[in-house]
Every structure is written in C-alpha cells, then in structure tokens.
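By letter and in written order, the chains are A, B, C, D, E and F; residue numbering begins at 1 in each of them.
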Amino acid sequence: MSILQGSDLECVRGDRRLFKDINFSLEAGELIQVHGPNGSGKTSLLRMLCGLAIPAHGKICWHGTDIRSLKGDYYGAITYLGHLSGVKDDLTAIENLRISSALAGVEIDAKKAHDALQHMGLGGRELLPVKVLSQGQRRRVALARLLVCRTVLWILDEPLAALDSAAVKLVQNLLEQHLVQGGMVVMTTHQEIDIAAGATHRLQLA
Amino acid sequence: MLPVQPIGCNSLNMSLWVIQRDLLLAMRRRADVLTTLFFFIIVVSLFPLGVGPEINMLRTMAPGVVWVAALLASMLSLGRMFSSDYLDGTLEQMLLSPQSLSMLVLGKALAHWLVTGVPLVLMSPVLGLQYDLSTEALLVLTASLLLGTPVLSLIGAIGAALTLGLRGGGVLVSLLVLPLYIPVLIFGAGAVEASAAGLGAGAHLSLLGAFLLVSLVLAPWAAAVSLRISME
Amino acid sequence: MIWASWSDFFSMGGYGFYVWGSYLVAFACIAGEIALVFNRKRTLLKHLSLIHESTKEEKRNETTS
Amino acid sequence: MAINWFNYSSPASFYFLAGKMIPPFTIAATILFAVGLYIGFFVAPTDFQQGEAYRIIFIHVPAAWMSMFLYVMMAIWAGIGLAFNTRLSSMMATAIAPTGAMFTFLALWTGALWGKPMWGAWWVWDARLTSELILLFLYIGFMSLQAAIDDPRRADKAGAVIALVGVVNIPIIYFSVKWWNTLHQGASVSITQSPKMATTMLTGMLIMSIACWMYAIAVILMRTRTIILERERHTAWVGELQGATK
Amino acid sequence: MLPVQPIGCNSLNMSLWVIQRDLLLAMRRRADVLTTLFFFIIVVSLFPLGVGPEINMLRTMAPGVVWVAALLASMLSLGRMFSSDYLDGTLEQMLLSPQSLSMLVLGKALAHWLVTGVPLVLMSPVLGLQYDLSTEALLVLTASLLLGTPVLSLIGAIGAALTLGLRGGGVLVSLLVLPLYIPVLIFGAGAVEASAAGLGAGAHLSLLGAFLLVSLVLAPWAAAVSLRISME
Amino acid sequence: MSILQGSDLECVRGDRRLFKDINFSLEAGELIQVHGPNGSGKTSLLRMLCGLAIPAHGKICWHGTDIRSLKGDYYGAITYLGHLSGVKDDLTAIENLRISSALAGVEIDAKKAHDALQHMGLGGRELLPVKVLSQGQRRRVALARLLVCRTVLWILDEPLAALDSAAVKLVQNLLEQHLVQGGMVVMTTHQEIDIAAGATHRLQLA
C-alpha cells in the first residue's frame, strides 16, 4: 500500500468531463509531475488531492484511509500552493511568511522567517509591503513557506510561473532536498524541470 | 522522515494568531478603524438633516437611529472579513489548516468586533448627547451596544462566509444578514426606550446577553460550515 | 479690576464650568498639538540618525575591505 | 539683499527659511494670547444679557474663523500642488489639515459649552452647527485619504482633489445663517457695517484671532519642516544635515 | 503598415459601450440590482422597528428616512464602480484608450445610476405609502429622487476613483462622499417637507436640478483626474 | 530618428533606484526583448512605455514627440498586456474580447471575435464565463486581443506565463507575423523564445 493513492479518479466541470480513470500512487521520496495542455484539468486534480474539490468518481487515500474522513490530520501533512499566491498585499514579506506558517501549524520567529526569505533572494525586501514587490518576488514570498514547513506532501500548482532562472534553480534544489529527506511532491508546470533525486513519475492528462 | 503532526500550536493559539494578524492588518491601515467609526457618526448625524431639527422628535428617534447606524456600520465592514483572504488565496490555506476552522472563524469575528464594534460603543454616548438623551438613557444605550455589537459581528460572519466570491456580495450580504440582525435591533433600541419610559432595561439587556452567548457558540460553527461550502 | 475676588473670578458668575471647560480644552488641544509635532520630529530624527549611522558603517567597511 | 523667492520654493531652502521664521511667530503668538486673554478676562465688561458665559466668545469665534480660513488655505495650496506639481505647496496643505481639524473641533467644543447655558442644549441641529460638523468630516476625510495612501505623491494629488471638491462647503457655512433662519448668531463683524458690540470685546476677539493666526502659522511651519525631512530623507542635503548635527 | 488611428469609434460611442458593458455585467448577476433595491427597502422598513409605530411621527420622519436610505444604498454600491475593473486590469486598458477618459467615466456613472438609482426611484412611492404620505408628497418625493440620485452616482464616482485600491476603501469612500452628499440630502428631503407644509417644492427641486447640471459637467472630469492619480 | 525612442531613462521605486541610463530605439519591424531577474524593473519599464508611470528622469518619444504630450494619439497606436489579464470573470470570452477591443478603439462583431478565439484554441469555450476557465485559457482570452487590434506597437509583459507549449508556438507565430507587417514589439519573458523574422534587440536590466 502506498502512502498517497488515487484510484479511478474522474473530474467533471460543468458539462465537460476533464478526465477519468486516473490512477496513481506515491511513495516516500517520489515526485509526480502532472502534464497536460491548458484546461486539461491539472489544477482540478490538484485541488482534489487537497480535499478542496470532490472527485465525481473514485477516491484518494492517505496511508490507506480516504482523505475525506481524515480532515485535519491530513491537512497537517500537506502544503498546497495554487495559482494564487495567498500573500497579503498590505503585510510585509516577513509578516506574510510568519502568519501563513502559523496558520499551517508551525510558529516561527522573525529571525527564521528572515533567513528563509533571504534564502529565496528577497534579502533587503523583507520589510516592504508585498504589494510593491514584483510578480516574481511575490511568488518567492509564497514559495518561502516550503522552507519553513515540515509537511511530507507538497502539492504545487505551477510553482515556476513568473520566476527567473535563478529562482527556478532554487526551487529545483528545494524539491531535490525534500525528496532526499523522504518527502513527496505532486506538481504541475509547463516549463521543463529535471529533478535528479528520487523517482519521478509522469502523469499525462488529456 | 519529516514529522507529520505540526507542533507548538493548538486551536486557541490559532485564534490568537488570527486576531493578532487581523489587528495588524487593521493597524497597517489605521484609517480603517477610524473610517467605520466616522461612518457611524456621519449616519447618525445625517438623520436630523433629513428629518428636521425638532428636539422632541429627535429624542424619541435617538435609540432607533443610533442602533440602525451601528448595525449598518458593522454590516458594511463585513465584506472585509473574508473577501480579501479569499481573493489572494489565504482562505484556501486556512481551510487546509490542521486546526479547527471554527476557532479561526471565531478569531476573525472577534477581530472584526475589536476593530469595528468597540469604537462604536465608545462613541455612542457622545452621539446620544447630540440627541439630548438623559444620562441614564446614555448608559443603557452604551450597555446595549456593548452586548449587541459582538452579536452583529458573529452573525455577520455567517453572512460574509456564505456570500464569499459572489459578485455583488457586499449588498447580498446585507440582505442575508439584516433579517437576522433585527431581533438585536429591536431589543437593543427597546432597552433604551424602556429605560426612558421608566420601565427598567434589565429584561432587554439580559435577552441581549443571551443572544450573545448563543451566537458565540453557534455562529463560528455555522460560519465555518458556510466557508467550506463557499470554497468547494 | 472687574472681579471682586479670585473665587468670583473662578466661578464666572455661575458659568465657571462652561467658560473654564472651553479654555482648558482649548489650551490642552494646543499643547497636545505642539507635543505631537515635536514628538513626530524627534522620532524622525532618531530614525534618520540610525540610517545615517548604518550608511557610515557601510562606507567604513568598504574602505577597510 | 535680494531674496530669490524661486529658490525658497524648493523644499531644502524652505526648510531653513521656515526654521528662521518659527521663533518670531511663536513669540508673537505667546504675547498676543497673553494680551488677548487679559483683555477678555480682566478688561471686557460683563455682558448684560449673557452674563459671564459670553467670555467663551474670545476662543469660540477665533477658532470658528480659523477653521474656515485654514480649509480654504489648505485647498489653495493643494490645488497649486496639483496644477503645477510643486511639492512644497502640497506639503503645506498636508501640514495645515491637522491644525484646521483641531480648530474645527475647538469651535464645536466651545460652541457646545456655550450652547448649554444659552440655549439649554449641548447641540441643536441648526444649519451653521451642522455645516461646521461637516467641515470636521471634510478635514478628517482629507487626512484619512492621505493616510491610506503610501506613495506621498499620489497622496498629495488625491488629497488635492477632495480638498477642492470640499470647498463648496465653506460658503454654505458662512451664509447658512442668512439662508436659514436659525438659532445661531449672525455675523456681527463685517467690513460694511459698523460693529455692534462693545469695542473692548471686539478688540479682545480680534487680538485673540490674530494670536490664533500666529500660532497656526508657527505650528504649521514646524509640521511642514518635519514633513520635508520625512519626504527628503534620502537626499544629500538631509544626510549632510544629519552629519552636521552629529 | 498597420493604420495608426483606430476607426469607427468616437467618445460618445465609447460611453455607450461602457454603459452597455456595465449593464451586461449587472444582468449577468441580476442579484446585484435586486440587492441594492432590497437594501433600500430593508433600511426604510427597519426604522419603524427601531423607533416605534406612532404614525404622526413616522409621517414627519418619512422623507428623511427614505432619502437617507437612498443615499446609503447608492453609496454602498460605489465600491463596485471601479474596483473590479481595477483588480483585473481592465482599468489600465481604459486609461490607455485613445478616447477621452471623462466620457468613459461618465458612462460608468450613468450605468451605476441605471443599476442602482432607477430602481430606488421606482420603488420610493410604495415605501412612501407605508409611511402614510399624501399623494402630492409622494410625487414630490419621487421627483426629488429622480433629480437627486444621478448626482449621488456622479459625486460618488469621484470618491470611488480616489479610494481605488486602498484597503478599507469601502468605508473610506463613505467618509469622503457623505459630506458631499449632504446638500443633496437637505434639499431632497426639504422638497418633500416644503410641499407637505404647503410651501411648494419648486425652489428645492430647481436647486436639485442645478446640482445635477453642475455635477454632470464637473464630476466626470474630476473623477477622470482622480483615476489617473490613483493608477499612477 | 527612430519611431520609438527612450533616452536616459531612470526608474525609482520607493527608496530604490531600479535602473538608470537606459537607452533604446525601435524601428518598424523590430522587437525588443527586456531581460532581467525578478524585480529588476521590467514591468516598471513597460508601464513607463505606456505612459502609466512617469520616469524619474529621461523621456520617451514616439515619432520624435514626448509621449506625455501625445496622450490619446499615442494610446491609439499601442496595445499593452500586463501581468493582469484585464478579463472580466463574469463575462464570456466573446464578450470580453469584443468589449476590450471596443475600449481600445476597434469595434468587432461576434463572428470576428469568435474566429479570433477559435484561433487561440478556445473553440467550444467562447460562451463560458471566463471565471470557470483555467489559468492558461484566461491568458489566451487576453492574448486574443492581439489578433483583432490594429495597433503598431505591442507592449507585452510575460505573454507566455501559464501557457502550454502549443500556445507558446501560437504567440510566437503571431509576433513574427506582426513584425513582418512592419509592427513593433517590446516584451519581457523568463522563458526562451526565438523569433525568426525582423531584428531582435536585447535589453538587459540589472
């Protein structure tokens, strides 16, 4: 039995069936990359994995139990990053990071937040309100959560959007390190990215 | 392996974090707190302009006007309770928080009350003076607002959660929430009238207190359910 | 001198509360405003001198390294 | 020595000019306040109708006048800043607002304290009183708007628009007594008519008004200086200033 | 080469496009139109609850209450005028439109009036009946609202433009705009009172008409200036 | 004298100078690609080119005249596409396209809008409200404007974000065609893209 397992998943949006009979399983240290053209249902699949949407058919199990009956226990084990960054325009980068990780169940002090942001290349910008930052910088603030969270499963929807090549490299390292430590990742991206560590599965939609 | 369970965080703690964060956001824009307050003041001051300056009539109107204004001020700022968190994706993250969502919602409602309700309560005696109310009526008015405004924030949280992401939510929320506010309005304004009529406001005030207790228990839970529905 | 005594002066013909209430608040407001302006300036100068120190430090570091 | 006025419209030189101007205005304000209060409390006779309560006039009327004058000044400076993009005039407008709001509050407060003994109520919904209250809201709206905007240049311009639009209220306050028949006193000082009140009262009131002017100028200049420093903190001259004071 | 100048489009046309688009958006969410209306109805109906049922007093209050409610309803929906266009980048595109921005703003203000003002005007006679107003008073009330509500939308556009993108804009806008609404309120409610007192409402109504003309000319321009400031 | 010319441009945001002494000129049929890491000021530069922001120093000329004095005449010649797509969630793709081009000064009928959307790969989705579309599909709706507008200068801020490889190809063709017809393009992107036609300049920030 794998740690995360999706069986026979089907997604219906409006009057359109996006996909059906999707099966996958994920072990510690593995990564699934979801591929597919625009509108093929990648985001929909990821939201199902988080329990934010309910599959029309099939089920998703975590350690063998349906995630819908796990609730809080499951939420404590995942980190989701969607198309929207979830950063507050009026707060500074540090405040955003501290609060978002507190909400995810990990309280960190300003020093630690500062270090994480520094590592994401935001040194010197930690005290600016996020609304004045550039598109890529905002995305980096959101990604900094990955540095401080201690969850095993990361669900990332296009983490590379708006990032420059230096930041892409950074995210790549982060993922590799997470996999080496026994973490798991499900992600989508339209850009090519190659992860050295761990087994990489490919899930093609449409 | 990384630890699965988060550490150093329980539900109460989480509410405090949320309150702290919302107050921080409010302080970042100190104008927010002031503007709700001034909205209240302005609405109360508008009525005599529309109705005319006759002092006897104004005195009779006063409790109703102050209460309606408080209700509108509280309702107007409901939009802010969840919508900005929704738009930038923070709410999604809150739903995925391992702690109880009700406690988060309770935190947000309390923060809303601290930012919008408390200033109204503090301001109301001054406005009562403008309407030439007696000292006792002023006291009762303030007490009724102190008990009633948290109820407004708590009930409002349900409405705000239900209308999340709907366009025109700002007005839709009023439609949903106003009917629920009406009992609070009737007993709140009634308390002042009763005391002015020499009947004593005790009964009205204890009813308001009961409303407060019930909504403290039920509203966060209902709002949490609504949030899950809205985000599905 | 139009006042018979100091207590006469303070009672203001029975209107003491209103007259002194006006003037006291007026001068409290004026004093408060002045205090606020000075306070704003003081905190700003403190802030500026911090910036100044740190830039001086940076320059020193540059010249030594 | 010829003064280069154009030069003084730059914030840096105005900073130093204002520094020189503040002491004389402060001294003038102190002396005039002392003289005005002396006349008001020890020279002016008791009013036969209102008794001693009328002595509130020496602070009420100057405050009411200042509240309106300062609003107009604020709108003018803000308008100049908007039209010609002169930073200094916008800073002046920003600096005037809190003082104007304070005088408006004082006019309301002293009026209320005067109203209780005279009319029997702290407040009546009379046209002049109401429009003065609206004036307070306009000041507060101006300040809240500016406080809500982080970028000072945008704050200046946005404030200017609302200040200019709000100017319509000033004639309404001033003429409200004429347009509506109200409780409040009509203008008793005007250029065309000879004054109706005792000359000592009038002198006291005028001296207090001038004192308020002097005070307002001094405190506004002080605030402008602080605002200049805040806005220009990254420029070389502020750095030098800092080096000099250290 | 591609043609540099766009064709088939002038400023008036553009206003029409904007009006059409905003109406389309409103229709897509029909709830919007209804909710502003229901807000108006609920506020007017709340007062008797807060104040008590005495009919003589209610009759005297009526014009003031209806006008204050109309003013609040119009103001509440100001937020929608520009903010959604701002958030999704459409407003940027409007600023880059080769046609006059004032005309675009005029279009948006008129659309706002059509969506929020007109339903209120149509509804007001019914609400007036609830307060036992005479036929003549009802007519004057409707006429005053018909002249006054477009002014509210036009002045509101300035406030909405100035507070664009500011957090707590919804309440800040009321602070900015309500003081400017007050003359409209005074003369609007005054018209009904004057006619009830047998003095004739002509003077009040023509003043309202003058306000309308002045704001038709100046407000779009001021709002356009404010928009450019806000977007800089 | 070139058609679009920027001289000595300097950009200050908050207390930070993003760039200074930027010079460029653009002729008919040419493309400028602005490069630079996150936060280097690419978006700020593009907004200056549109007249949405004012440079701290230097000026931008169109046919030799400062764009700030041209106003409407200049706006009629450019099309700007920013990080935000400027599509309305509640309207359908067709309505969005028709209205946004009407605002830009070109009125088109439903047929033409339909064709443009079809060409952008949105066939069958024209009548859905945009809010149910996927991230990439929304971006395609915004890009469809380029097919119907008749402006000479396109200013595109990361047009490729969220697009799949088929859509990237499509945009590439679109740009090439525009350049061949004598159009001009200023764009930023973190992805690699190669345009065959016309001269391609590279502007590096920071």
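Operating definition for what follows: contacts are C-beta pairs under 8 Å (C-beta built on N, C-alpha and C of every residue); 3 or more make two chains touch, one makes a residue touch a chain.
For clarity, every value in this text was computed on a predicted model and none was experimentally measured.
Common neighbours of chain C and chain E under the contact rule above are D.
In a homomeric contact, the two copies may use the same or different surfaces; for chain B and chain E, over half of the interface residue numbers are shared, pointing to the same surface. For this structure, the chains sharing the highest number of C-beta contacts are B-E.
Inter-chain spacing, taken between the CA centroids of chain A and chain D, is 57 Å.
The geometric centre of chain C is 17 Å away from that of chain D, both derived from CA atoms. Distance between chain centres (mean CA atoms), chain D to chain F: 49 Å. Between chain B and chain D the centroid-to-centroid distance comes to 36 Å (mean Cα coordinates, whole Å). Residue positions of chain E touching 2 or more other chains: 25, 28-29, 84, 87, 166-168, 172, 175, 178-179, 182, 232. For chain D, the set of residues touching two or more other chains reads 137, 140, 144-145, 148. Per the touch definition, chain D reaches chain E in the complex via residues 134, 137-138, 140-141, 144-145, 148-149, 151, 153-154, 157-158, 161-162, 165-166, 168-169, 172. On the chain D side of its complex with chain C, the touching residues are 41-43, 45-46, 51-53, 55-56, 59-60, 63, 98-99, 102, 105-106, 109-110, 113-114, 116-117, 215, 219, 222-223, 225-226, 229-230, 233, 238-239, 242-243, 245-246. Contacts from chain A toward chain B in the complex involve residues 28, 50-54, 72-73, 75-78, 80, 82, 84-91, 95, 99-100, 102-107, 129, 150-152, 181-183.
Residues of chain B that touch chain A in their complex: 1-9, 13-14, 17-18, 21, 24-25, 28-29, 84-85, 87-90, 92-100, 104, 231-232.
Those residues of chain F whose C-beta lies close enough to touch chain A in the complex are 13-14, 36-40, 42-43, 83, 121, 125, 128, 132-137, 140, 158, 161-167, 190-191.
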